[in-house]
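What follows is a set of structures for review.
What follows is chain A paired twice: with chain B in the first complex and chain C in the second.
Our next item is the complex of A and B:
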């Protein structure tokens, strides 16, 4: 793909803004890593070598009988216990082996190996301790990060696509369409978003997708404001008139001339929109109207930490609070750097 | 006399002034009011007026970049003002435009080659290779290095950019080019180069121009005929020689007095126009120039003057009640 020189220059400038650039690298690294959460924190082994065949339990279900295990209550169809399997294989000293993830716990399964009831403080077994249901805090933090980022990015992307389409149409078509759609947006944007989501969440138990859909209803609005004015401004510039004077089609005008010159607000707003989306999702989860339990989520973790019976269990609050602050700080630093690198005043000619 | 390549009859362009919750109409800006003019094949018509008099709007309305409110525009007998999308698309091959601002008239994200090639792409002229060849030919003919086709507009100077604008307007082989203040944004030394380029192409390609400008000396250099606009109307029109030798309208005279001269000995008695151009939303009744005219009498405040011949058979017309008296 050919990158035009303005964009290239901006990217170069972004790279030079160290604080933002390193934040970007760190966050990108975390995000990439979190995509492989299943190999970092999981009860299921990454690879099992049993009787000379290889098994990949993260992809397929294997019951206990497969590896010669037996459920203590005699049930069939119970998934193999890979941690126990690893122990057994080690004791046998044979050629069978199990490769477990770094953290051999998933974010759902309680750990009953302790003498006293959860939550248990951090130790060598659970680095960040366990929560009030005995689940590993590190695993929940990791999966929670993945969900937060995925949710925020999808929300922002979907919202921006819709907002860009609507805003461009307002700016491009102008006239009656613009007047009426703008009035609609003004009315729509006065709806108190959080209350509407809470109200809806009391009727439907939200899932990842339905929560995404509900929040998109409000997320698209902000982008329309920027795109509308950008297109309004750009379309009166002479290069647009020139294109029209050759008989350029609408499609050509929009996609070749207008949109490439209107991308600055989109790019500069995205990081801040992501910050907002992460915060809102956390807030909803905290209030209990977000993603359904037992989805690992930072809001739910904070909710647990704030519970009066957990006041002295400080590890419950330290982990999610640190994670949220660091993530939001990183995204904000990225956003700041992008905003500086994309400063339109550097290239605009005011005549 | 051959038939004109472009005929404009009674062209009007009003912009509604809107306000209120649902954008109700409050009035009109009469940007172009009842303008008629002809352009002969191979001639240059200079269109002069101060900022905001509607000369650019007139150019854009003739091009159908703005929808005319009423009136007729005929190009080689073909109706431009009411042309369908398809007819208009075909008319665009013959009718082109050069823009004022060499900075904003080129898309900053396209290369020079892409910019010049765009009209060829839109009109599907020849194969891809043929288009590339044509682009090189065009760049060469406007005095740009062919190797610059991969550069971006911001790497070029104002004069070079305007050459790109000229090359682009020539790409489809037009017959009439509307040049909207093509040199106003350039240094004086560069202005001359661009003007000479335009004159050369006029000779080589038998082009007609409508040359819009507020600079009388530039218009005097390039035009065959001149039309003076004031507040949306043409107030004087005629052969360049006739108008510059014998300006009929007080406004034309005032404009000419305002042209700076090179030598103190050439300095003339100046009669500066007082006041500002009145609002086009509420133009003064009668002759629009009367509030600033030193010769205004009662009739000027009541009746809109028509364009009347000055007497000769040279087509010199003036819209002034006191024509010949002052």
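Our next item is the complex of A and C:
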């Protein structure tokens, strides 16, 4: 891939800004790791070797009959219990074995092995304790992170693509299209976003995609303002006029000349847009209008922590608050570094 | 069936032939009264002292009717000052007892009532309480000036006529025939000499302290802070049989505390006399503190007997998946109440079984569907769900998943429902959870826009099976028949309850209906909490039975008293840091409610 010298310079500069760069590495690492949550915290085993066949149950339902298990009611078609299976195999000492994830709990199943009703404080079984339904807080935190970050990134990407297209068209076409679309945007942007989402949630069953679609309705607006002004400004510059006088097609003008020169606001705003998206999803979940229960989510965890009956259960608040603060801090540091790396003043010389 | 229609015809005939006694002809009226039941409180109770309690919000008005009048404070207003009925149900024996009227008479038409008012009754300004004051209440309810559609409508639906025949004889004619007309058509008195029904009524009486017939007057108030009731030293009713031992403290000090957790802190500091504990967690974990450890304060769980209403999961019979009775039964058998109660609620609650829980109409033979995956499986197989799909959820031969959505309006329920969901999933049924805004959840229930939902309705002593299970409501929406249930046969049973004058027949019909409803399995009763858990300081004394049997709110029956000697002894002990005797008995069961519940549970376990 060809990278033009200015971009290369900017990337180099970003890498030199240690704070932002390391934040980026850490966050990217976490994100990559969280994509493998199902192999880190899960009740289902990673690999089972049973009678010389290998099973990979992480994304597949295997009943108890598969492994010769039976539950207390004599059923063998319910889901296999891999923790018990591991113990059985160990006791048998045969060639069968089970490889369990690091944390043998998923974010859904309550653990009622304690005498005391949940939430139970952190111990060796549950590193971050259990929540008020007896679910593992670490597992919920991990899966919640994956959902938050994937949601935020998808929302921002989709929103920015739409926003860029609309904003560029406004700037490039100008005239009546600009006037009417800008009025529409102004009206649209006065809709109270949170209320609309809550209202829509009563008609549509919230899911990852439907929530993404609903929130995209509002996310694209911000980007149009920046792109519109950028294009308006750039298209009157000499290089653009020159390209036009050489007979460059409209498409070539937009994609080859204008857009690459308008990327700065897009790139610098993105991290802050992600921060905003994570916060909004958390807020919606906190209010109960985000992803439906029992989806693991940070907002729901905060809601539990804030519940007055849990006011003495400190671990319920420490985990999600720390996670949110750290994530938002990392993204903000990245954003600052990007902004600095892209700062045009770096190269401007005023005399 | 035939007998019930004959009874019905006979009744209609009787109604047509019995002309209402003429207004002047009082000599033929057979008066009834009842001074044979025990007093409601303990006649040995001491008068005096200050009772400290709290309310969640400062009242927006002191009126009993009109805008904002139906707030949390209204139960206090009604209980101790203004709303004294003509007759009352004795809260332990259930018999009618004289209250503002000494005698009453129910005519054969079951809707005309006569009352002899107590000639001793006085307003707190010294004027007598007369029949005209009751007529005035009806006029007030009917008046546009009060800006209260509820009461306008209530008056329209309930009262044909209210007449002051003599200063102390009142006649009330109800709009319809009822087998409990005294409950249906009761009235309270409004001081006719102090309340005018003109435009501007809501504003004029917003903060006016009116003359009262009850034992307390509102004596002090500080907006947003507190309200104080002071006992009338020479209240006209203080020596009446049923009021001896009631209304004991000299002052009732009601402080505004908006949060019940914070109120517990106030109690611990000695700033509240009594505190009702409203969560199982608090009861299990927060009851040991300095005062209780030293025996300065005590706690009790009093088992009482009151209807718990409808509270449980409703299935919508209009939806295909729930039209299959076997599927409904499978759901019943998969609901693991005992685990939820033990693991999430400190085993604090009891399973409700009947559609009429806590009333005499509950079929005593009913046993709950226990958690039984084997039976659930049989029913699921019969319903056609025999094979597990790729994701472990059962599918029928046409590939339909055993899946439905549970919608609910209270986030607090999520804690229980996520556990239920996991159990269902384990046995192959997928229940999606969907939280809605509370108003929407309620409306969706009434409009049957749901598959399964939580149905919660409070109930009086008399269940309303017609509105919940009457088939006339099946075809229309926006009613309490949220499940769209009803058959000709159950309608006939409901009609026996509604119109038959023979109590045994009514009981029999309702017990049969209860059994049918359970077998139809579209309603999964959740829990009942037939008790009151409370903390109180050592200086608060109670009758041996603590509170009457039919108590729902602490304000209902004022039978406790403040013992000034004990209060001084307590103050001394606390100053010295000296422990008093700890009261080890926590559960009190004077009405044998707990015994009965536990016997029923045991029977269910054996069966």
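Observations
In the analysis below, the second predicted complex is superposed on the first by the 344 of 351 C-alpha atoms of A that agree within 3 Å, B and C clash if a C-alpha of one lies under 4 Å from a C-alpha of the other, contacts with A are read in each partner's own complex, and residues count from 1 in each chain.
We take it that a residue touches a chain if its C-beta (ideal position, glycine included) is under 8 Å from a C-beta of that chain, and two chains touch if they have at least 3 such contacts.
Bear in mind that the values here come from a model prediction, so they are computed numbers and not experimental data.
By the touch criterion defined above, A:247 reaches chain B but does not reach chain C. In the superposition on chain A, contact of A:112 is made with chain C only, not with chain B. Once chain A of one complex is fitted onto chain A of the other, the partner contacts of A:294 are limited to chain C, with no touch recorded for chain B. When both complexes are overlaid on chain A, the residue A:285 reaches neither chain B nor chain C. After overlaying the two complexes on the shared chain, residue contacts for A:4 are found with chain B alone; chain C is out of touch.
Shared-chain residue A:202: touches chain C; no touch with chain B. By the document's definition of touching, neither partner reaches A:219: not chain B, not chain C.
In the superposition on chain A, none of the residues of chain A is touched both by chain B in one structure and by chain C in the other. Residues 21-23, 60, 63, 65, 88-89, 92, 96-97, 99-101, 103-110, 118-119, 122-123, 152, 154, 165, 168, 172, 185 of chain B are the ones touching chain A in the complex. Those residues of chain A whose C-beta lies close enough to touch chain C in the complex are 60-61, 63, 73-75, 77-79, 108-110, 112, 117-118, 132-135, 198, 202, 205, 288-289, 292-294, 303, 308-309, 311.
Contact residues of chain C toward chain A in the complex are 259, 261, 279, 281-282, 284, 339, 343-346, 373-374, 377, 388, 390-392, 405, 411, 414-415, 417-419, 421-422, 426-428, 432-437, 440.
By the touch rule above, chain A contacts chain B in their complex via residues 4-6, 176, 179, 183, 237-239, 241-249, 252, 256-257, 260-261, 347, 349, 351.
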